[in-house]
């Protein structure tokens, strides 16, 4: 039964656009899916590697802007030189976005080794804030508060079948679902491997990890780069879906949203960001007819505090404990490292 | 010379904010994300008192400080005390939750439109030689200095301060010596919050009062604290000065839009070379 | 390679004029000694003599203010702990010696990190050679658990183990890292007689497999029994060295211990 459950979920998710009439709900599903991918990437850095990075939205936004600018082209003056870029196909933006975001992840990763603890938190927040201010003020490149508009949707080329441009929501939904699955599989394979074990080890006991030969800097940087690249990819998805991007994407509130998703769902678990993402992605929808945005946020804040008080490890671990206690002492074959696999894993 | 005056004012108010953070950090290793909200709370309290109730501005200041202290105490009792001993990220999340709730409550009550606070100071500025500075700013400067000095005296010369310092250094031993640790933590939080509220109350009339005013302020306060090292009030004051100075220069020579970014860039650069802040003593952080 | 005792073997660890100062406090003033291939050397001394500081210097957690440490002729000064571990010099810890939130099996897998060589693409694409590598590591882990006697506990969370077994797991972690020399930090502290005996046997079998051992301990009977040679540290320098029989009668050593008022040693 347990193995069948993820497959059932998958089938349900696949069929949704076929029967769902409400375009608004589909829209929410898509944006929630994108944020879940971003949350999963944050979980890699925050949950598994234990780095309190609170600037994650910077990677998301950098990916979005890089992708948009790649596909829109730009013409700017930099240190007296004219830099012109012709528009590239939209799908290239996805890879450029991931690359540029990954690079900034490298910088943060190297920084995080030198700057620890509370200082690191502050530095990451500052980094996101600086990125926002740059996006806001470098008007020549980013249009500042006027936003980058008319971002073209992705066009996928199928050899022999011609090109397919993702104009409608249903197509986009499937793309997000597919990439979400890829992201999930990537993370699940990573954390179950030797590389993943090194990351978890350095979260749990860095001194001990280094004494058995684990190069802490290397794995911190790796986690940061992978996490940032994935977030950048999500950002690109966001940009090409909304077709408009402005500096507000870098607001701290988006980082907070991702952090809430990860921690309430269960940091360091595979399903945590998904559960958290669904809850905090759909809560606004449910509350919309009843409450003004300000009231909604008050409720989220309160909800977050309540969940953290009652279930400090998050929802998934709490569920696991409940199930374990209820069904007796049957050991989970896959062990604690893959805890939280309520969704499809890869033959583990 | 207008430049110097602005720098001085900013320094003092930043220092006030930063001092609050430093105190709270020393007390419980808490990086207080709700700090900016207490700053905004202070400003809104003064607004309420002055604009809505028509009461004297100075009284409003006092009310703001006391209310800030009370709110801080409540937050400590309700949110932080039960969390003592938990993961740092768990505590961080609770404080972020508090931040969200407080800011949106303000949004709900007052709306997003900026509010102005009318002060009894005349519009005609004080002129000393080449310097022309508004009376309001003079007052803010004086008040901020007074508060910083008072805090310093409180911590270093009073019995309460002694108990606080003992608790910061080694809570267990202090407890064995008969210090009421729980009470000290609450008092510390109250004092730190009062400082933040005071900063907000003082700067409210200078700038405008909005629900998001706390965000940038607290980010800057953190920046200052880093410049000065997380354990150090003197360092925080110096850091405040450096940040204010750099910002004003930045606004002058580079575009003013990047002004806020200057501070953050400085921080990132400083931390790259001195990971524990410019003036930190050998502090074990995190 | 049959381990030979004493000066006939090659020098594995050489410590020359090492000094460590913490502000005004001198933790190590002039530390000099050598460890030869295949030996079990016991490092003893009153509390505060500088034994843990010495370990921290040898394994890269602390940089000495003066002096040199060489492992098989490679200079260790300036190297990071993981580099030193990669050379084959591995230590255990007295406290926080395990990864408490993972299972015993996973702990050993982590310790086996050095033995693996996985590439990111292999992992992400779940290539067959990755599966093969993982299976090899799993086998190695099971073997190590068998050697230390913890195979029955493989799926238990490490933090729930009783103290003695946690220390055994700590040793398993160190063994997993494929050491050619092991630094044991108070391996039997806090243990009862039967647990200590287990550890002693483990130390001896480990040496028999070719690993040189330097251990720090306060439990005198244990140290005297298991060591080939004893080195005594006091006030940051070596005050005596020799066989257990000789050391036990050395007046300087006796004075060092009784002078501090320590009865246990």
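Letters are used for the chains, namely A, B and C, taken in the order the chains are written, and counting of residues starts over at 1 for each.
Methods note: a residue touches a chain if its C-beta (ideal position, glycine included) is under 8 Å from a C-beta of that chain, and two chains touch if they have at least 3 such contacts.
Owing to the predicted nature of the structure, the values given are computational and were not obtained by experimental measurement.
Visitor: How short can a chain-to-chain path be from chain B to chain C, counted in steps between touching chains?
Guide: 2
Visitor: Considering A-C alongside A-B, which chain pair is linked by more C-beta pairs in contact?
Guide: Result of the comparison of A-B and A-C: A-B.
Visitor: Quick check for you: compute each chain's CA centroid and the global CA centroid, then name the chain with the smallest gap between them.
Guide: Going by the distance between chain centres and the overall C-alpha centre, it is A.
Visitor: For chain B and chain C, let me know how many angstrom lie between their CA-based centres, rounded off.
Guide: About 49 Å separates the centre of chain B from that of chain C.
Visitor: In whole angstrom, what separates the CA-based centres of chain A and chain B?
Guide: Distance between chain centres, rounded to whole Å: 33 Å.
Visitor: Where the centres are mean C-alpha positions, what is the separation of chain A from chain C, in Å?
Guide: So the centroids are 42 Å from each other.
Visitor: Can you list the chain C residues in contact with two or more other chains?
Guide: Chain C, residues with two or more chain partners: not present.
Visitor: For chain A, which residues count as touching chain C in their complex?
Guide: Going by the criterion above, the answer is residues 186, 189-190, 193-198, 200-201, 204-205, 207-216, 222, 331, 335-337, 346.
Visitor: Of all residues in chain C, which touch chain A in the complex?
Guide: 59, 61, 80-82, 85-86, 90-91, 93, 96-103, 105-106, 109-111, 113-114, 116, 118, 120, 123-124, 126, 130, 133-134, 137, 155, 157, 173-174, 176-177
Visitor: Quick check on the complex: what are the chain A residues that touch chain B?
Guide: Those in contact with chain B are residues 46, 52, 111, 114-123, 125-127, 129-130, 133-134, 136-137, 252, 256, 259-260, 263, 267, 292, 294-295, 297-298, 300-302, 304-305, 308-309, 312.
Visitor: In the complex formed with chain A, which residues of chain B make contact?
Guide: Checking each residue of chain B against chain A gives 25, 29, 31, 79, 82-83, 86-90, 92-94, 96-101, 103-105, 107-108, 215, 219, 222-223, 225-226, 230, 255, 257-258, 260-261, 264-265, 267-268, 271-272, 275-277, 285-286.
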